[in-house]
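First, the structure itself, so that you have it in front of you.
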Amino acid sequence: MSKRIKKIGSAPGTVIFTGDKKVEKVLIHYMQYDFKTLTEKVFDNHTEITFDKSSDKNVDWYDVRGIHDTKLIEYFGENFDIHKLVLEAIADIHQRPRFDEYDKGNFILLRSLGFDKAKLEVTREHVAIYFNQGFIATFQETESDLFETVRTRINSGKGRIRSRGTDYLAYAIIDSIVDNYYITMESIEDVIEELDEQVTLNQNFSGKTKIHNLKKELLVLRKSIAPLREAIARFSKSDSSFVKEENRIFIRDLYGNTIQIMDTVESYRDMLNGLQDLFITEVSFKMNKVMQLLTLISVIFIPLTFLAGLYGMNFEYIPELKYENAYFILLGIMFIIAMIMVVYFKRKKWF
Amino acid sequence: MSKRIKKIGSAPGTVIFTGDKKVEKVLIHYMQYDFKTLTEKVFDNHTEITFDKSSDKNVDWYDVRGIHDTKLIEYFGENFDIHKLVLEAIADIHQRPRFDEYDKGNFILLRSLGFDKAKLEVTREHVAIYFNQGFIATFQETESDLFETVRTRINSGKGRIRSRGTDYLAYAIIDSIVDNYYITMESIEDVIEELDEQVTLNQNFSGKTKIHNLKKELLVLRKSIAPLREAIARFSKSDSSFVKEENRIFIRDLYGNTIQIMDTVESYRDMLNGLQDLFITEVSFKMNKVMQLLTLISVIFIPLTFLAGLYGMNFEYIPELKYENAYFILLGIMFIIAMIMVVYFKRKKWF
Amino acid sequence: MSKRIKKIGSAPGTVIFTGDKKVEKVLIHYMQYDFKTLTEKVFDNHTEITFDKSSDKNVDWYDVRGIHDTKLIEYFGENFDIHKLVLEAIADIHQRPRFDEYDKGNFILLRSLGFDKAKLEVTREHVAIYFNQGFIATFQETESDLFETVRTRINSGKGRIRSRGTDYLAYAIIDSIVDNYYITMESIEDVIEELDEQVTLNQNFSGKTKIHNLKKELLVLRKSIAPLREAIARFSKSDSSFVKEENRIFIRDLYGNTIQIMDTVESYRDMLNGLQDLFITEVSFKMNKVMQLLTLISVIFIPLTFLAGLYGMNFEYIPELKYENAYFILLGIMFIIAMIMVVYFKRKKWF
Amino acid sequence: MSKRIKKIGSAPGTVIFTGDKKVEKVLIHYMQYDFKTLTEKVFDNHTEITFDKSSDKNVDWYDVRGIHDTKLIEYFGENFDIHKLVLEAIADIHQRPRFDEYDKGNFILLRSLGFDKAKLEVTREHVAIYFNQGFIATFQETESDLFETVRTRINSGKGRIRSRGTDYLAYAIIDSIVDNYYITMESIEDVIEELDEQVTLNQNFSGKTKIHNLKKELLVLRKSIAPLREAIARFSKSDSSFVKEENRIFIRDLYGNTIQIMDTVESYRDMLNGLQDLFITEVSFKMNKVMQLLTLISVIFIPLTFLAGLYGMNFEYIPELKYENAYFILLGIMFIIAMIMVVYFKRKKWF
Amino acid sequence: MSKRIKKIGSAPGTVIFTGDKKVEKVLIHYMQYDFKTLTEKVFDNHTEITFDKSSDKNVDWYDVRGIHDTKLIEYFGENFDIHKLVLEAIADIHQRPRFDEYDKGNFILLRSLGFDKAKLEVTREHVAIYFNQGFIATFQETESDLFETVRTRINSGKGRIRSRGTDYLAYAIIDSIVDNYYITMESIEDVIEELDEQVTLNQNFSGKTKIHNLKKELLVLRKSIAPLREAIARFSKSDSSFVKEENRIFIRDLYGNTIQIMDTVESYRDMLNGLQDLFITEVSFKMNKVMQLLTLISVIFIPLTFLAGLYGMNFEYIPELKYENAYFILLGIMFIIAMIMVVYFKRKKWF
């Protein structure tokens, strides 16, 4: 959060990059398409960018990878008349997912999520989408192609995507990110199931720290997904002129997916809590078993050791010591005492 | 969830079967009826299907068993003008229960549930219902006849069902599935009561894993039932032209049932949590008892053993060793010490 | 729940008794009254019943005790034009409390509750009320006169009840049932207070099963009271023509009572949870005390016993054994060691 | 609750006193004032009361202390046309706080609260306020002057209170009661802080019962304050003709206070729960420490005692017994064994 | 809270300072600006203040540091026609954050927060803002310049702030306070991470009191932040004439920040709860380990010590004592017994 703090004191709408620089050079992938035509360009120098605002019929998609270049973001802002607060949010990776309607465009903030099974760590990448009639720009932190599947569909020229405008494209981009959440969820479920097995079979005692860490990571996930759910709900109900009626049913479908993922996060939390309770029970149960063995053996030997001590005393007059068979009689008595105790404990089902 | 993941990257509305194939051959049970007439056919080859769209007065019910044949689903889609997202949802067993209104028909997704008492496992089957004026199609994963009771009522020709149209039939089908939830609930209640008895009577210590697993299964149940409740609520309030006013009171009644089932799931969760707490208390209580016995016996014998050790020392001058009755006096003293401790512990109610 | 299951497969609106038969013979207590006149009859054979539908000015109250006779219920249904779903609900004791408006009458389902202090068990009886202009019918499982206080008020001829119609009578009946909830609550509170005392004073260790069972019974209560609260809320806001404006303030008052009872149930739950936590703490606290005593005595005697053992060894050359006062010196040393430990433990406040 | 139960069976609106009589003689403090004039009288016999209904411009305040005299309450009811349900509520100390609008006046029920630090007990007194244009009556259980500060402000003749009518007076009365809640809260906070210190410093082990009892008392508080919050919310939004627009902002301010108090109650609950958890942790932590000492000392002496026992055996041929320095060598070995264990435990950080 | 209590009994709207005096002398920083001009003055004596109400076009900002001088607050009240309840709230540091609309101005109450890492203590300062067309006054407890960043932006003359009026300034002030919450949050997160590490690595056992105290401080934070969130929500939706449409989007952005901070507080609570659970598990886990070592060593030596005691008895006839190798045979048997036990425990994975 420390870069976030550098920002404090600056005026609202100041564009400050609050993350760590993850790419050397910003890369801008540009696509212009309508139902018939398709142009594709890649700029790796922002001075090269030419903004073609000739037609609202086309979709102009600027896919910006790397957000540390605040000049570039401001350059977009000036050319497309984007609100200052949007520009600020694009560069600020700590802002929470949301959907905002502005006079001149709609803005969506969300996070691409992943899960590193080895480190038990959620990875996240800040993604911003701004669109209005004919223009759409997406911003992400790294150069990995998050929207490859979307681009493939556009290139193939089949399907709805080429004929439905920027709002459908925005939907498709979010949909591809949310689809990836399912992979993240599955990875987490694998880890939970593994932990469950280890706890149930009592193989592995290092589970408790893992459960604890996984619960913390779920908190991180929840902070990314819960506000996205609200954002998509607002997107689906938006009466902005940039969201067409015919695409609304798709966004509603997407909303259903975010609910399902959020429910899954909650049920993972419940499962981990259950697992932790079980783990603690297992530990105290095992201790109980060991304690019972100690009890048994101690309690059996303590009176016998006392008896042995008794006849080890050096009093001059202890009559039993003189009897010839006293030793064997005492051994017999000791055996009987031990047996009585064993039988008593067995009956009490103490072992 | 792994098949779900194969789907990622495909365009919204792509029909991909995400489950495991559960029937060899898809079977389509077709019924056409109105108040007077009734026709019944079975197709086991989808090329045989003839779609009769002559009249909206009849009810045409296509009961499809087996959803792995995505061609067939698309074939339905084309012939009856069903939205792409509906077709996708029919084949995707991971989608959550919901009710959606489309321009040309209503769509309901739900799950048929069962409970395997031996494995303590909830079984579920994906069921999809699509209907509009005169046409209704249902889709399920296996060939088991889930709607037998509904079909029997249609065949008998008595009652409301023959005269009330597709919305009432859709209601009747959902009602028959929800009725089965009560059986599932009763099975779970049996298991909980059995566990309760075992924990209370302290007979069985394997209960904790069972409670843990049952709690996990209740999470699965909740994820199927909670969204269904919302779906039925939306169905009952639907102002779609395909839902007639006179049938609304039945759907509201059904809504009451889903609330009751959901409440039952929640109360089972509470009961299992209570049971788990009780179990842990029982374990620590039992350990306590055993510990107290150990304490008692140890604490009684420890000073006596010390005394015996004392007079087992080999000092040349220990005056007591010479007295003739010293041994018996010591035995008496030991007895008195033991008695004092027993009385003290009794008074303290420690055993 | 098993009788409930027999019902599965039957058409909605089929009248099936799902409880256990609790009376031999159905008894119908009939009252007809207006402000001036009062007629009272008892039928014990349903063929005797004559339905007098001459006037809407009178109140005609049929108080039916015993609901196993489904023919009788259907007979009412035909004569008074009652909806099939109402008839089904009258005979189905598993349905949850609710208020439903039908075109031709209003329907209220609720439960009369009791609490058996000895068995720690909530008892419940299914009560159904159906009324429209001038006609009201009540149904209950047993022949006990649940509404005696209401009848007394009608007979006395004083007060509002004779002049206010069926909606006020329905209110008065529900009010008398809800009043009885207070008695149930008081019985439960007595038991909780008793348990609280036992746990606090540590007298009784059988408390934990009682707390567990009581918590389960509160779940049963909640499942009866929570939906009733919603039902009364809907009753109080009903714009049915059968509910007069002037009586609404009474129903709102009743609604306040159901909120209070529900709050009480919730606070009992909190109290029982608190009690359970306290109980567990008490148990571990007591164990702690006993453990500390063990620690103390063991730790004091262990080094002394070692010393005694040391001088019980049979080495030929142990110089101390020859000194005349060695025994007494050793005794002194032992005493000093014991005292040091006692003082140390006292200081550490370990006993 | 037992007097509450005596009421069961009586008609709604029957005035029955359900509390314990707390004053010998009912005392009625009467004030009549407008901006200029002020009359004050005290009646201690209800036949003396003269009801002056001449003017709506004045405020006529009847402050009734003692509510066991149901005749008096009914006398008020007849003279001022008060609804039967209001009269019932005035005498029934078990009713929950609420705000009700009637055609002819508004009614507020609340509780004056206190906290007895010594007994850790919340005390409460039932207060009822009924007002319409020009007339206001307040009812309380005891003769303590709850509204002294309000009366002082009226007498002083300064400020808003003399010119603002009955609704402002009702507000001022409730405000003075709610102000007292802050004192109650502060007393509870003192006790919690004291308990916190005791638990943290581990001085006092009787804390657990106190925490438990305090939690129960917070439940009592919550049941008084939560419904009052709702009542004040309704008061502030009331569109009754008896509540003037200009006074609404004061009632809204009061509403803010009830929210704050309710939040405080909730945070006290959280603090007590945290304290209880800490207490339990402390107990098990302390036990752990003691257990570790036992472990240490036992484990060090057990092998030494065994060695001593070994050379205390009476075998005829034990070669070591003959060596001259064997005793001292053994002592050295014992010392080395003890040291190794001490070092090992130190390294493991076990003490 | 004790000064709060002194207030009880005074009329609503009485200005009483309820905090501790934190500055010797009240200092008033005055700024008057519009887009072009800027005047700045500092008064340290309230008689010096001249209220310039000539123009609504300018922004007149009175930044008052020190609120113990109630005369000054009343002086403001009279000169700017501020409602009595606002004046009361300015001086009462115990009031919760809120937004209130009055006829003649809007009022916002909030708290500036800090976190002292060493003492683990949240510090807070009461801040009040009142504004209408052209006039804005801010009040704070200490003389620290909380709004320095805002003032810097005004002085620099760039940006929106000089041209947007009092509502934007109010927004900017709140924004600068909320920005500081992020620093507070980061400090807390640092402490939590440190605690997490200590608990996970098991280094430090003093963690439990820290976790407990930190949870209490989070309660304090929540009581400041949760109502602020509601207040900002109301501010953003205000239809007051003093809040301009064009500034609303900034306030909505600010609302997003308060949600995020509140979510962060909640997730910290969850993390601390998780940490506490982990800590307790760790403690019982460690105790378990130590207990197991005790068990092991005790259970191995107890039978050996018994055997040694057996042959230390002084019976005249114990045949084994005469055999020459008996001693060595016994040693061998003892070794074998010990080994068997060690192997058994190893196999059971008890150490």
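Going in written order, the chains are labelled A, B, C, D and E, and every chain counts its residues from 1.
Here, a contact is a pair of C-beta atoms (placed from the backbone, for glycine too) under 8 Å apart; a residue touches a chain by one contact, two chains touch by 3 or more.
What you see is a predicted model, and the numbers here were worked out from it, not measured in a lab.
In this entry, chain C maps onto chain D through a rotation of 70 degrees when their C-alpha atoms are superposed, rounded to the nearest 5. The distance from the centre of chain A to the centre of chain D, each centre being the mean of the chain's C-alpha atoms, comes to 41 Å. Chain geometry summary: the mean Cα position of chain D and that of chain E are 26 Å apart.
Shared interface positions of chain E, i.e. residues touching 2 or more other chains, are given as 284, 291, 294, 298, 302, 305, 309, 312-314, 318. Order of chains round the ring, counted from chain D and going first to chain E: D, E, A, B, C. Chain D contributes residues 1-2, 4-5, 7-13, 83, 85, 95-96, 98, 100, 102, 205, 208-209, 212, 215-216, 219, 222-223, 226-227, 276, 279-280, 283-284, 286-287, 290-291, 293-294, 297-298, 301-302, 304-305, 308-309, 311-314, 318, 320-322, 324-327, 330 to its touches with chain C in the complex.
Contact residues on chain B toward chain C in their complex (touch as defined above): 149, 152-153, 159-161, 172, 175-176, 179-180, 182-183, 185-186, 189, 200, 249-250, 252-253, 256, 259-260, 263-264, 267, 270-271, 274-275, 277-278, 281-282, 284-285, 288, 291-292, 294-295, 298-299, 302-303, 305-306, 309-310, 312-318, 350.
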